[in-house]
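These are the structures in question, set out in turn.
Two complexes follow with chain A in common, the first pairing it with chain B and the second with chain C.
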Partner chain A sequence: MIRKTIKIVNKLGMHARPATMIVKAATKYRSEFKIVKSDMEINGKSIMGVMTLAAEFGSELELVADGVDEEFLIKEITEMFANKFGED
Partner chain B sequence: MKKIKGNSVSAGIAIGKAKIIDKHELYIERKKILKREIEFELSRFKEDVEFVINELDKLIQDYTYSQENRDILESHKMILQDPEFNNRISKLISNDQNSLEQAINTYFTEAADIFSNMNNKYLSHRVIDFEDVAYRLLSHIMDERKDVLENVDENSILIMENISPSFVTKVFDKNIQGLCTERGSSNSHSSIIARSMNLPMLVNALGLLGNIKDGEDMIIDGNDGYVIISPTKKVLEKYQTIYKEEQKDRKGLLKLIDVEPITKDGKKIKLMSNIEIPQEIDQVLKYNSAGIGLFRTEFLFIDRDDLPTEEEQYEIYKDIAEQCKPNSVIIRTIDVGGDKLSNILNITYEENPNLGCRGIRISLQNIPIFKQQIKAILRANVQGNIKIMFPMISGVNELLKVKEIIEICSKELINTGIAFNADMELGAMIEIPSAVITSDSIVDECDFLSIGTNDLIQYTLAVDRDNQSISNYYKPTHPSVIRSIKLTVDNAHKVGKKVAVCGEMASEKEYVKLLLALGVDELSVSPGRLLLIKKEIINCNITEIKSKLDKILSCKTSKEVMKLI
Partner chain C sequence: MTGTGSLLKVGNMKKLSVKELYELKKKDLSLSLITHPNTMQGYITTSFLNRPGLALTGYFDRFEYSRIQIFGETEISYLQSLKEEVLYNNIKEALVYDIPAIIITKGLSVPKQIEFLANEMMIPIFSSRLSTDKLFNSLRIYLQSVFAESKTIHGTLIDVFGVGILLTGKSGIGKSECALELVERGQRLITDDVVKITSKDDILVGCATNNYGHFMEVRGIGLIDVAKMFGIQAVRMKKRIDVQIELMPWKDNMDYERIGLSNNSVDILGNKIPIIYLPISPGKNVAVIIEVVAMNHISKLFGYDAAKEYTNKLQEDLKRKAVVRENQIEKKE
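Let's turn to the complex of A and B:
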């Protein structure tokens, strides 16, 4: 299992488009994927879950992946956050 | 008889029978199932979801619309493929013995609750996506897709909690009397369309759904903003009289569709339309408008959480220009206050937004966004009937900067080899007193002027017209406003250029004569008012009112002016 803390650096926060991107990417992998925000934990492969995080600019999230391809999953998702989901 | 207050977003009286369109519960009759039905219900779920996903796939591929619309459909598909959605529905069916319809309804009601409790309004707004998906799925399952509106007869007034974008066009294709929603706002797309169709519509009628039954007699008073349920005979008769008069007036106006807007003394006035969203083009064409005098582009930028691409804008501008041909379309670059864009632009809090970063100032501070819009317009103008105009011009400087940017955009387009046409008339909006005073210099740097009376009045008289306590200071015929219009027109005419009025003053029939006497060449009004204003033009004798112009211009108060016109 891998845990990784990341920060939301795109200005608009987790709106519909990034949420769609995350779920699309995560679904490609076999590992389980969860996102934790303070005391809330959601399924990272669920669009409903990711959108209900209502994560805004500056907030911290913990990515948790568990399974055979966990490192690849975490790597791809971390890069998406760092690249601000192609915004700017 | 019950009377409920609402906000009128489109005037007029509607009398008919209530037709409640409820996207969820109305069609769910069977709520619980038997244990032995669980298996069957689960297989239905799988098949129905697959069917709707296939349907969405087709739409995503066929869609000739924008990337944004495709993205929305893509996210709708994802909602249906969501593992949590799958789990929850399966559990509701297996454990709670919910029927499929009931399970779906429960799931989406829960989703709606979560979203409406969010603090971030841009995220909470996405509840509309979940409602759209729920509707699509339920209407497939119940095969009600066509029937929902097929059973609506002409005598109906539609009652809904809110009206979602995918429902709007379907509703307006039907010949109904009026529309009333429990939620909604005056600047929603449905309200705008209702206005341009002159269809009475009321929003924000709180408690409506709890107080009305399907088929009940009702009245929408779109003039005073009331819904009246089961009116007494006396009230009904009163409204029938008003309704008949309104219908008579409307019929009279419709006869003017093919009549030219020529005054009694033979001057032809160019009468155009203002549009806020592309869908209004149907009304523009129906009423035979001489093109579009103000195409607002704000709808592309507000109420969304990302920016429109150049491509998306290009498609929309091109489509409108094509439909308007051979008439011209004047596209106005984005004109909003920074507060409305704070979700997509980095805008700091402003103490005084009306005097802050808005209109052309936003564009000049966000050059990449401005350039996208300019390029989209230049590309759409390949057909040659587009003009461009800029809001909140305070002096020559902004125009010079804008021209520089257009130059740069043209060069960049040449380099990329994309087709465009920079042969396009440029206009400045005159709505700030400094622009009025220096309109002689401004008109030298552009091809036409367009007076935005709402802001001109607000800035000239220093009065916020939405501020109830001082609304008596908002006077369109204040001598300062009239003299400002006169000065602007004179300065433009000196160099042979034209002046239009696209503000609300042009849409109010009592001011038409005055504007024409002041020398205004063109009027642009909302599509729903076009025929009314045309009638006013036809009945106007400019020579006659011009003979009083000196007197009007020397009036000391707006009251004196009103007496003369």
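Let's turn to the complex of A and C:
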């Protein structure tokens, strides 16, 4: 199991488009994927789950992956956050 | 039902013979042939009609001679006002063009020279008892249906809550079975397996290719008659096509729509309609999902888009929270 804390660096926060990107990327992997925000823990492969987090600019999330390809999953998702989902 | 006649197709151009038009529509348009029957030799190649107007004065620039020419009261009274010689020359000049047919409205009488010249030049003249306006309308509507672009595609057309749903997908994926379940839930079948689609005035209309009735093949059973089995309320003859749903086997890595913000569309005969790629897997009730698609479509027509509604709320929430966070940081400093 890998746990990694990341910060939302894109101004708009995790709105519909980034949420879709994350879910689509995560579903490619076989590992289980959870995202934790304070007391909320959701399935990172569920679009409603990810949007329910309503993670705003500056907030912190914990990514939790568990499975055979957990490293790759975390790597891809982390990069997405760092690249601000292609936004400013 | 109005027959479309034996429509010849030359390349991409459709033609309707004048004879065919006369045979099929003489009653509806109350037509009678004034000239010799041999004059009916041409073909109509367009759904447009023309009032010759200025062409009768000798001005032939932009004269749309390939259309059916309609002579109303204006044309006839103008021609009657001309001196015989002028009339003869003007008409002769006009009839040199390859005009498929002339129709005189309101049962007006035709100057003798015109009839004579038309017989000479082999151009048929019909007289209609209808008013110009009425004839124009009826003839246009008929010709538009004749010349409308059409094609047949493999699929099933069902009316779901008034929304025309075109179900497509590979053979054996379960289009017919899905339609059957929808019919059982009170929806109406237009046609199964082969849909004839016609494009008319920017809308797509689908119907069956024959009038045998509403038969359907169900794998393992064979042919069934949906109207006989489920009653007349379970079927209809034709329906505007609003949405296409492509059924496809579930694939793990396929990029399925998750929120519904991106609107995929498909081009059928130059008309764009929304298309939904619907993955199916065992245990999924496809009929219910199709009803949901129909209801969602109606909902959007009424101006309510659930996907937009939700994501707008999310965006506002994110904005508000970002501001609160910033204020907290400033306070600490």
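In this text, the second predicted complex is superposed on the first by the 88 of 88 C-alpha atoms of A that agree within 3 Å, B and C clash if a C-alpha of one lies under 4 Å from a C-alpha of the other, contacts with A are read in each partner's own complex, and residues count from 1 in each chain.
Operating definition for what follows: a contact is a pair of C-beta atoms (placed from the backbone, for glycine too) under 8 Å apart; a residue touches a chain by one contact, two chains touch by 3 or more.
Quantities reported herein were computed from a predicted structural model and do not represent experimental measurements.
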First, second, both or neither for A:Lys45, with chain B first and chain C second: first
First, second, both or neither for A:Glu87, with chain B first and chain C second: first
Contacts of A:Ser59 with chain B and chain C, given as first, second, both or neither: second
First (chain B), second (chain C), both or neither touched by A:Leu12: both
Touching partner for A:Lys28 - first (chain B), second (chain C), both, neither: second
Chain B and chain C footprints on chain A, overlapping residues: 11-17, 19-20, 23-24, 47, 51, 54, 56
Residues on chain B engaged by chain A in the complex (per definition of touch): 71, 74-75, 78-79, 82-85, 111, 114-115, 118-120, 122-123, 126, 129-130, 305-306, 343-344, 346
Chain C-facing residues of chain A, complex: 11-17, 19-20, 23-24, 27-28, 47, 51, 54-59
Complex contacts: residues of chain C adjacent to chain A: 252-253, 255, 258-259, 261, 307, 310-311, 314-315, 317-319, 321-322, 325-326, 329
Residues of chain A touching chain B in the complex: 11-17, 19-20, 23-24, 43, 45-49, 51-52, 54, 56, 87
